[in-house]
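Naming follows writing order (A, B, C, D, E and F), and every chain is counted from residue 1.
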Amino acid sequence: MHPVKKIEIIANSFELGKLLDGLDKSGVHGHAVIRNVAGQGLRGNTEDLDYTMLDNVYIIAFCTPEILNSVIEHIRPLLNKFGGTCYVTDAMEIRSLRCVSSDL
Amino acid sequence: MDVSLIISNILNPPILFFFLGMTAVFVKSDLEIPAPIPKLLSLYLLFAIGFKGGVELIKSGITQDVVLTLLAAILMACFVPFYTFFILKIKLNNYDAAAIAATYGSISAVTFITASAFLTELDITFDGFMVAALALMESPAIIVGLILVNLFGAGKSQDFEWSEVLKEAFLNSSVFLLVGSLIIGVLTGEHGWEVLEPFTQGLFYGVLTFFLLDMGLVAAQRIKDLKKTGVFLVGFAILIPIVNAGLGLVIAKLIGMSVGNALLFSVLCASASYIAVPAAMRMTVPEANPSLYVSTALAVTFPFNIIVGIPLYLAGIKLLWS
Amino acid sequence: MDVSLIISNILNPPILFFFLGMTAVFVKSDLEIPAPIPKLLSLYLLFAIGFKGGVELIKSGITQDVVLTLLAAILMACFVPFYTFFILKIKLNNYDAAAIAATYGSISAVTFITASAFLTELDITFDGFMVAALALMESPAIIVGLILVNLFGAGKSQDFEWSEVLKEAFLNSSVFLLVGSLIIGVLTGEHGWEVLEPFTQGLFYGVLTFFLLDMGLVAAQRIKDLKKTGVFLVGFAILIPIVNAGLGLVIAKLIGMSVGNALLFSVLCASASYIAVPAAMRMTVPEANPSLYVSTALAVTFPFNIIVGIPLYLAGIKLLWS
Amino acid sequence: MHPVKKIEIIANSFELGKLLDGLDKSGVHGHAVIRNVAGQGLRGNTEDLDYTMLDNVYIIAFCTPEILNSVIEHIRPLLNKFGGTCYVTDAMEIRSLRCVSSDL
Amino acid sequence: MDVSLIISNILNPPILFFFLGMTAVFVKSDLEIPAPIPKLLSLYLLFAIGFKGGVELIKSGITQDVVLTLLAAILMACFVPFYTFFILKIKLNNYDAAAIAATYGSISAVTFITASAFLTELDITFDGFMVAALALMESPAIIVGLILVNLFGAGKSQDFEWSEVLKEAFLNSSVFLLVGSLIIGVLTGEHGWEVLEPFTQGLFYGVLTFFLLDMGLVAAQRIKDLKKTGVFLVGFAILIPIVNAGLGLVIAKLIGMSVGNALLFSVLCASASYIAVPAAMRMTVPEANPSLYVSTALAVTFPFNIIVGIPLYLAGIKLLWS
Amino acid sequence: MHPVKKIEIIANSFELGKLLDGLDKSGVHGHAVIRNVAGQGLRGNTEDLDYTMLDNVYIIAFCTPEILNSVIEHIRPLLNKFGGTCYVTDAMEIRSLRCVSSDL
């Protein structure tokens, strides 16, 4: 078990590609994406465009604490432009990072 | 006369199911058509109408009529967002005005399809190439809207990428599937029609009916937003379609369209987009308020057109053409 | 005689696909019909059966037969939850007893539809107004169930809001869509029927077949819950439908129903709700255990009715009517 | 970056409206909702009613630490009545709260 | 001659919509058919083809032809993964080689269905029992693939549970629904056919067309993976189908199949699985790289077969049979 | 409010049954499961098999801190064999654990 940072981003699905690119560029190569998230934030309800399928996505990415600042640098401008929120939490990683075929 | 047309229009299954959907929302029933079923239905409708249009286009050939109609379509698709922008600026900021103008410059395929079902009911013929007009009128308003934003935007020019905008305008899924099906209809002609007929023709009316049930649900949910939009916009959303339909009628008369084609053309002019254009505007003019342009198009103009507008415009045509 | 009817019933595609679905669960195949497709199929079936019922109702008009049948329907929908409650109280607490009683007082639209397809197979006619009976029998049991909870509940009276309960009872999506489609069928009549026929009639049997495949999957998944419910409830879930069908037959005979209508009426009495009532009970009687009322209705009564019950009740009718 | 509390609620979708109302009343105006969550808890499996579409929802709401107590007050009675669980975690907010159109 | 057949094949709606789907990806349109709609379409196709096959099988009876054809099918399904494994080992590790070999030993139901629609177009008859061959050829390759992994795997034997593997091989949803529908077709025969015909026959061609639109989208998205797979595998994915189809033709000639049956048999031999086998391989040979076996089957072999392969193999048959 | 551990597992949906069994055996009887999660990790993109419906699941389970080690023991071998990631975070539980029908 070693400490990691958990990054959570909620944003419009339109921006998903750009956000994942941003994560990738800052060195976070693993992520999970949940689609079809409803929500309400500063700009009001996602229902405003729901009929046009512009719903939110919820991105989860765990990364080593060192690269957190780089992540923030890459993600913040996107959120400022298009809306969306980002939060960071402390967590511990459990998965052994050894190669896949070597069974314990 | 229009009243009897309106009533005979209302007593059709598609319109009645539209009312049923609205009623479900008003009485707070939990009736819903869960995603992605409405998407399936709308893909089907675009596929069927495009394919049929293509098959009929190849039968009629590309005549002078066709060319004139398509030119008129593009003309109206560019003119409407332009003139409505200046009307909207009276009360709204430039961003909202441009977004709403683009919405009304574009079209609603479901309104078109409902009108074509109405004509079929009344045994009034129309031509397959009207589907091409439908396809051509979807995109130009997006471009005009963005030009207006850039010309009148708040000092700074917008930094959106034109390539992305053009892609969204001309390759969004509705336009793409419609045009693609039309071309395939042209390529496969009568033979393709025969094999697909039970699917594209037999189910068409039923799927439209089912889809309008969903549209009723969606439109009614939007009605509560109208408080925010205000009287000005609600008035706009009813009057401008009538004006645009009127302009359409005059043009249709000038270039000598048939009664059926004239109705479809004026319906195209009168209708407003609530899918493709809103998506494009959200992306390129994030400053505009989506409630304004989605709700007026969906909760006012769409119901007005399919319930009152279609028979009204037909009454106008009967007057002008006789 | 009943055996040959049962076998000829079993050898129909809908019932065989129901078995196929059950088999898939038993042999642990990964066959599944992903959400929301079953919802689409059930919306379609309600739409089609309601619309057809309306069209036929307007043809026959509202005669004395219609009124008597509908009164009988309401009567049975109120009586069944009442008397079964006292039987259930022998072994269960008041909450569970009331919830299960409500479940069996209400009806299953799919059972009704399967019975109507069975009659069509056998060329036995039935009337469109039976769909109105179907709609009328869905809700009363919910109200009766809640009254029973309030009368016999554990000292304290329930604090649910009646307005919400009534809404759930009378405006839940099944009842709403069924009644709405029926009214639209009445309003559009023969003309509406013709335009919708390839959709509502042509596909009906196929969609029912496909839907019963899913019902087989769902019912079989529930069977493992029956261990928890125990022998008493499993017996209840088979015997009470037969008793209710018998009561239905007697009433049908008394008021002079035709063979087809009598079968549908007894099937309505015999069937139990596994969608609308469970949802209402979860909301208003959270103390009751959902496994009990969902599993008995879905894993025992539903398969019993569509496989054995329908032909059995018809055999009974043939005996009584001849 | 400033500290916030992350509230996670898992409950039956029936109660969604009431829970969001509760959050709103206690001053939490932003949230994200994920539907169609399967689960198992004190009252057993959600499958009990799955056919009737009564699945769980997963609500995520980030709020300032001050209003946490108010949130708990509003949410707890609902969970007690209808079931459902609620957890609180510490997190950091990254999104700049400046107005939308002012690009960085 | 083959060229004219290829062109007449391409000008059919299903193939044109397949191209439309691919085009959508290439021009980056946002057209998509959201999940689970493709699943619904594929369940429908399996249901319809299986049911029809069963109805026709009972009409023809189980003759010597049927037995010979089914034996040939099993033979090819075992032989193909075996011999291709040794070809693939030239460039790939044992895990990848076994997984890809299994993929090509199995079949693609959609390719089969497209070929049957092609035959119907050309008024060439084929027999219902070919659907049984389809079902029988899906699973053996999975077993052969795993045996190869165990024989040639990296020293240690695999620790997967055979019961799970056999379940996945013989009870996966495609095989299960296909075989189940076939059996129900046999049981209900002509009578079942009549009641289901508007659903299973009327819509068939339209649903296939719509489904191939989705397959075009999916296949085109995979094309970018081909860079990773390399020239060797792309060549393999085109040449091996031709070889397998040729083997199929020779066998078909030897046992005296009709032209229609021979085409379907060679298409089965030529096609590769992109659903059932990949799922089984992911579970049992996690060491193999899914990109390799999914992308070659989906982005190369599938389009090749439906566009060029089917008419090409038919041309070959016409040569051999005349 | 009392402290709990939040366990988050992202893995292929194929392994869902085994993972939930593992949680159950280690004494975690409550969980929530979100399906249809897209992602990218050590073994590449989930899209590799998306057409075959082999998408990821996101499992959330809150448990008392004491049983965390037992959970790790049960889960780690599964992740090593089939891939997937697991993270642990500290959280506080709010739900009153009293019986359902006793309203506050």
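Following the convention adopted for this analysis, contacts are C-beta pairs under 8 Å (C-beta built on N, C-alpha and C of every residue); 3 or more make two chains touch, one makes a residue touch a chain.
Remember, it's a predicted structure, so these values are computed and weren't measured experimentally.
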item: Contacts common to subunit B and subunit D (chain labels); value: A, C
item: Lowest number of touching-chain links that must be crossed from subunit D to subunit E; value: 2
item: Label of the chain whose CA centroid is most distant from the centroid of subunit F; value: B
item: Chain whose average C-alpha position is farthest from subunit E's own; value: D
item: Computed distance of Cα centres, subunit E from subunit B, in Å; value: 41
item: Rounded Å distance between subunit C and subunit D, as computed from the means of their C-alpha atoms; value: 37
item: Mean-CA-position distance for subunit F and subunit D (Å); value: 18
item: Shared-contact residues (touching 2 or more other chains) in subunit A; value: 34, 36, 81, 83, 89-90, 100
item: Numbers and ranges of subunit C residues touching at least 2 other chains; value: 35-36, 39, 198, 202-203, 286
item: Sites on subunit C touched by subunit B in the complex; value: 35-36, 39-40, 43-44, 47, 51, 167-168, 171-173, 176-177, 180-181, 184, 187-188, 192, 195-196, 198-200, 202-203
item: Subunit F-touching residues of subunit E, taken from the complex the two chains share; value: 35, 39, 218, 221, 274-275, 278-279, 282-283, 286, 290-291, 294, 298
item: For the subunit D and subunit F complex, residues of the former touching the latter; value: 8, 10, 34, 36-43, 56, 58, 72, 75-77, 79-81, 83-90
item: Residues of subunit B that touch subunit C when the two form their complex; value: 11-13, 16-17, 20, 23-24, 27-37, 121, 198, 202-203, 205-207, 209-210, 213
item: Complex interface listing, subunit D residues touching subunit A; value: 1, 4, 6, 29-35, 60, 62, 89-98, 100, 102-104
